[in-house]
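In the two complexes below, chain A is the common chain; its partner is chain B in one and chain C in the other.
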Partner chain A sequence: MTVVNATSLQQALEALHDHPGARLVQGGTDLMVEVNFNRTTLHDVVALRRVNELKRWHIAEDSQTIRLGAGIPYAEMERSPLCHHLPALAQAARTVGSPQIRAAGSLGGNLGTCSPAGDGLPVLSALDATVHLQSLDASRDLSIHEFMLGVKKNARQPNEVIVAVTLPVLNGFQGYAKVGTRNAMVISAASVCVVHDALGGTIRVALGAVAPTVVRTREAEAWLASQTNLAAPLTVTPELAREFGRRAAAECSPIDDHRSTASYRRHAIAVLVERLLLRANDHGKSPR
Partner chain B sequence: MTTKTSTQRRGALGSSALRPDGIPKVQGRFAFSSDAWADSMLWGATLRSPHPHARIVSIDVSGALAINGVSAVITAKDVPGQLTYGLIASDQPVFASEMVRYAGEPVAAVAADHPETARRALDAIRVDYEVLPPLVDAEDAISGSFPAIHPDGNVIRRQRIIRGDQSFVGDVVVEGYYDVGMQDQAFLGLEAALALPDDAGGGVELFVATQWLHEDQKQIAACLDLPIEKVRLTLGGVGGAFGGREDISLQVHCCLLALTTGRPIKMQYGREESFFGHIHRHPARIFMRHHADWDGTLRRVEARVVLDGGAYASTSSAVLINAVTHMQGPYKCEMATVDGYAVRSNNPPCGAMRGFGVVQACFAHESQMDKLAAACGLDPVDIRLKNAMRTGDRLITGQVMDSVAPVERCIRETAAIPLPEPLPADPDPLLIPGGAGLTARRGNITRGIGWGVSIKNLMYSEGFDDYATARCRLANGVATLQFATAEVGQGFVVLAQQIARTVLGVDTVLLEPISTAIGSAGSTSASRQTWMSGGAVDGACRLVRERLFEHVAATHHVDPLRLVIDGTDVVDSMGTLRVTVTEASKDLTFDETFEHHHRATEELDENGQGNCHVAFAFVAHRAVVDVDTELGLVKVVQVATAQDVGRVLNPLAALGQVEGGIAQGLGLAVMEEIVLENGRMRNPSFTDYLLPTALDAPEVVVSMIEEPEPQAPLGAKGIGEPPCISVTPAIVAAIRQATGKELPRVPVRPHDIVFG
Partner chain C sequence: MSNEIYRLTVNGIEHEVKDAWAGESLLYVLRERLGLPGTKGACEQGECGSCTVVMDGEAVCSCLVMAATAVDADITTVEGLSLDGEPTDVQQSFVEAGGVQCGFCTPGLIVAVHHLLDRNPSPDELAIKEAISGNICRCTGYGRIFAAVERARDQRRAMQAK
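Entry: the complex of A and B
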């Protein structure tokens, strides 16, 4: 077994090249659970925790996009200034595990594990994120929708490191909500991200933990766009929001398990989509 | 909370004396049993059945023994003594030999030079199972429709209570079915032990986290076929118990590996194994029917109680007795028809957990009292006040309530605690239902209020003499105490010091290791150690004080009866003599041992009649909850409680028991449940077995009702169990009020609220 504690991206990529099939570890909040429960046997490991390039973020010169290193811990996303640029991501980050987990866990880990209950993934989906992958001799960009393939399955090649994601800087409402049977530190039974692109005139909705992978509700989104003008300011009626929630929930395919039931999950999705759309509608308006 | 300013001497009874283990625990310096270490020790590990019900066709350990670093592999055929153990019936195999009866049952154990080697050795043991259909429905055990899964049969115990007119029908009749899910003790300090073989190999010393050293000692010695004195136990640091350490878990395996290898053996469970390694709270299905007069006066209770005991008996028969004898609740009731079953199944074994059968009974009777109140047009408080039990009332077992019984005062003082502020227009989102999930806004939330009141027996019942022993030595003004009382986190170590300081007028009180070197203290269970071991320490200290007074009296030519302790001095109450305890005990040693026994109790007869319990304590809870009715999410805002404690001996420790018990009862109300599917646990981890977090815990407002109990040596009742009992129905009643749903089952899950 070889463990490479990389201190630069170049070193990590070389190690991955030298040890094909090595497991990547960033915060270790998923991998070490697998190891401790004897569900995986580690051979070679490339640790990314000390790779500072993966912990940086910046806003593009044109102010249109923001690029987040894949190793930025959730704790940083919760805080200023990142929380102002990406409010839904900040809200999602706050729901991840405990403070200790949030200090270690990262979007790179969420993407690498690719669980449908990954808390950051609905936000990436709703924002149509671009995932940046790099190997020793190549780099490529994938849409988040092409990256996530199924339950714990993604498009990363064994020799690639997930280095960053790029997200649009938008002007409208961004919100996230998650249901679990406890008021904190709980795995999602259902989660929703709603993004309003005021300039583009779209409402984008992504659902977590209710299908083999994160669901974008494109039919419901198109239906909503046909019903009302989504360019700011929104004028969504409660009836419209309710119907939108119902339609979004129709696009998921939840299961019964020990955490919840399929019928409750579908119901929760409808409620959360409705509520988040109404929050989007209230966004920026003075309270009545 | 309400606290009283103590006028007591620092560290004496009545003060919030600091625990000797408190600062080390906070600083991470306290040695828990999992920290035990010995040179040249080996690591033990347990192979468990993956099947809930199967016949063992063969076990081949040769592959494990062939692994470098593996010193021993043991199975049932290596057990030298009794092949089974158990707290009441010896029905649980040390290792399964022919049959496995629950998923997780031990089949073999290994000793190896490293935990990872031990794990590989477990993987290399080949067990052929003939898988059988599991018995998982308690009714199948009762009906006899399933073949016996154990030589002792599928019904562990049946007990009826028959009292009064069996055909009485009240003016008002309410009824319902109530279900309680399987709760786990979820103590934070996992099972761990270190066994050291004697040099000669004829005995073993065990450092272990347990609740009752002497009971473990007895069961271990029988399985090892050793004389009892050859098995010596010392308490390892215990990180919580709640009933989950009453039964044997790894003790016999660890000792047997030590004797087999001649090396020290360390065993410790991880969190997942812990779920399989200890018993749980009995899931229950209870039918209840209440009969009352038009004005709400309770006349008769009918109940059918079914507890699923899982694969082995553990304490099921005693848990059943507690459940059936507490079905009337803390209310006067002259007639009863109760039928109770504790049954065997291929589910995980169940036994003791904080509240011990009364938790299940209380959820049913308190839900019923609310139904009765509604049917009679009464307020939930009024119906409880109207029926509140008093000292002198007769229980449905015929036993006369002769404990202090301030039920009415518990209710009134709880009602007098101010309600929390209404939710503000723009509340902190973390503090409303959904919490960090940001699911709700103010407009989605409905507030509800609910009540629960309970009665709980203290100490062991049905003729059991669970005495406690303590020894006190006084020399040069320093007291040294010795007892085998398991300190599991409740704080007996500080209470013992407080007693000695108060009785003997000393400041320094040393504690000997907690071990079997002294007589039994009984179990740290049943809310009994303050009363029982407290009584023993008090008795030993009083004997020493008598010796001290006799010595001072002889030296100073006064009547010893005139001497008293004043602060840290011995004083002649009728003269001028004043001498410090330190001076009076200079170069002397007074050494006394005392056994405290509670009064005798009786077994129940076939109609459930008899003086089976020692004493009782009472408590009232009022819960205020906020519910997101559309999503079925709950935030418990406040729990107000007035508890009958007899006397507060350490205000901070008492508050800790109350707040902790309420958190545990809240867990059962809204989230804690072991989910089973055909006998298999689906959530044996803290990822999916949810315990309340700080964001789930309510504000707790406490009123301690101090009416000293004449029977109790220190006037203090046990306070450990009552806080967790009626808080569960109180929270559920509050959710019912907020939602209008029936909610006959705990834990209440979001989908129960949405679709119920």
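Entry: the complex of A and C
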């Protein structure tokens, strides 16, 4: 077993090239659980913890997009200034594990593991993120919808590093909510991200932990757009929000497992979508 | 690195780790190879915070750090908090406030509380609860743990005011 502690992206890519099939580790919060419980066999490991290129972020010159390095810890997404640019991501980051986990865990790890319950993934889906992958001799960009393939399956090739994601900087409400068996330190039984693109006139909803991978509720989104004008400000009635939640929940395919039941998950999705849409509706309006 | 020697800097001292499997967690290496059993292992999946150490300025679960990837890191364990062998102010506050029951969560909490107070000398109740939300007390003695943290905070404030 070889462990390479890369100090630059180039070194990490060379190490992956030299050790085909090596496991990439950023914060270790997923991989080490597998290792500690003998659920995985480790051969070679390329550690990305010291690769500073993966911990940077910047806003594009036209202010339309923000690019986040895949190694940025959740703790940084929760805080200013990132939380102002990406409020739903900040809320999702805030629900990940404990402070200790959030100091280590990253979006790169969330994407690499690609669990249906990964807390960052519904946000990336609702924002139509672009995932940037790099190998020693090539780089490519994939839509988040092409990247996530199934339960812990993604489109990353063994010689590629997930280097960054690019997200739009939008004007409008962004919210994330999840339920689990308790309030803190919990893996989602169901999670929802709702994004309002006030200029584009769309509401985008992504659901976590209720299908083999994150679900975008495109039929419900199109239905809502046919019912009301989604260019700001929103005028969503409680009845419309309830029906939207019901329709969004119809688009997922939850299962019974040790964390929850299919029927509870579907119910939770309907409630969370309704709730977040009502929050979007109230967003920016003075309290009555 | 296969059964190679690697070096870890723990509490300011460089240690050699020999004949270790490279996938071992930092928790395991601290306890079983470096003779530093103050850091406790319990869940080994990042749920409980018993194994909290400070690594490069961040409180992390040592059970989720692959030790061989921490070669360049500055690691502080509960053993490294006191400079003179006497209890630290936080440790003394835990004793005085009755913040220790079975004691299993205590080392992780002590590390987490030092980390909190070093960054934020005046945490309010919410900041305290947030900072130790990753440290589970199985005896559920949180009331006295919060009181211990407040006591340490107030003592530091009083010292600074002098």
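Quick notes
In this section, the second predicted complex is superposed on the first by the 288 of 288 C-alpha atoms of A that agree within 3 Å, B and C clash if a C-alpha of one lies under 4 Å from a C-alpha of the other, contacts with A are read in each partner's own complex, and residues count from 1 in each chain.
Heads up, the rule we're going with is that a contact is a pair of C-beta atoms (placed from the backbone, for glycine too) under 8 Å apart; a residue touches a chain by one contact, two chains touch by 3 or more.
This one's a predicted model, so the numbers in the text were calculated from it and none came from an experiment.
Contact with both chain B and chain C is seen for A:36 once the two complexes are overlaid on the shared chain. In the superposition on chain A, A:1 makes contact with chain C only, while chain B stays out of contact range. Once chain A of one complex is fitted onto chain A of the other, the partner contacts of A:28 are limited to chain C, with no touch recorded for chain B. Shared-chain residue A:103: touches chain C; no touch with chain B. In the superposition on chain A, A:275 makes contact with chain B only, while chain C stays out of contact range. Of the two partner chains, chain C is the only one touched by A:47; chain B is not. Judged by the touch definition given at the top, the superposed model places A:172 against neither chain B nor chain C. Looking at the shared chain after the overlay, A:185 reaches both chain B and chain C.
In the superposed model, A:87 lies in contact with neither chain B nor chain C.
Residues 36-37, 184-185 of chain A contact both chain B in one complex and chain C in the other. Looking at the complex, you find that chain A touches chain B at residues 36-38, 91, 94-95, 175-187, 189, 191, 257-261, 263-264, 267-268, 271-272, 275, 279. The part of chain C that touches chain A in the complex is made up of residues 1-2, 21-23, 25, 44-47, 49, 52, 58-61, 63-66, 68-69, 71-72, 112, 130-131, 133-136. Across the interface of their complex, chain C is touched by residues 1-5, 25, 27-29, 31-33, 35-37, 42, 45, 47, 49-50, 73, 75, 97-101, 103-104, 184-185 of chain A. Per the touch definition, chain B reaches chain A in the complex via residues 119, 270, 272, 430, 433-441, 444, 630-633, 635, 670-671, 675, 677, 682-683, 687-688, 690, 692-696, 749-751, 754-755.
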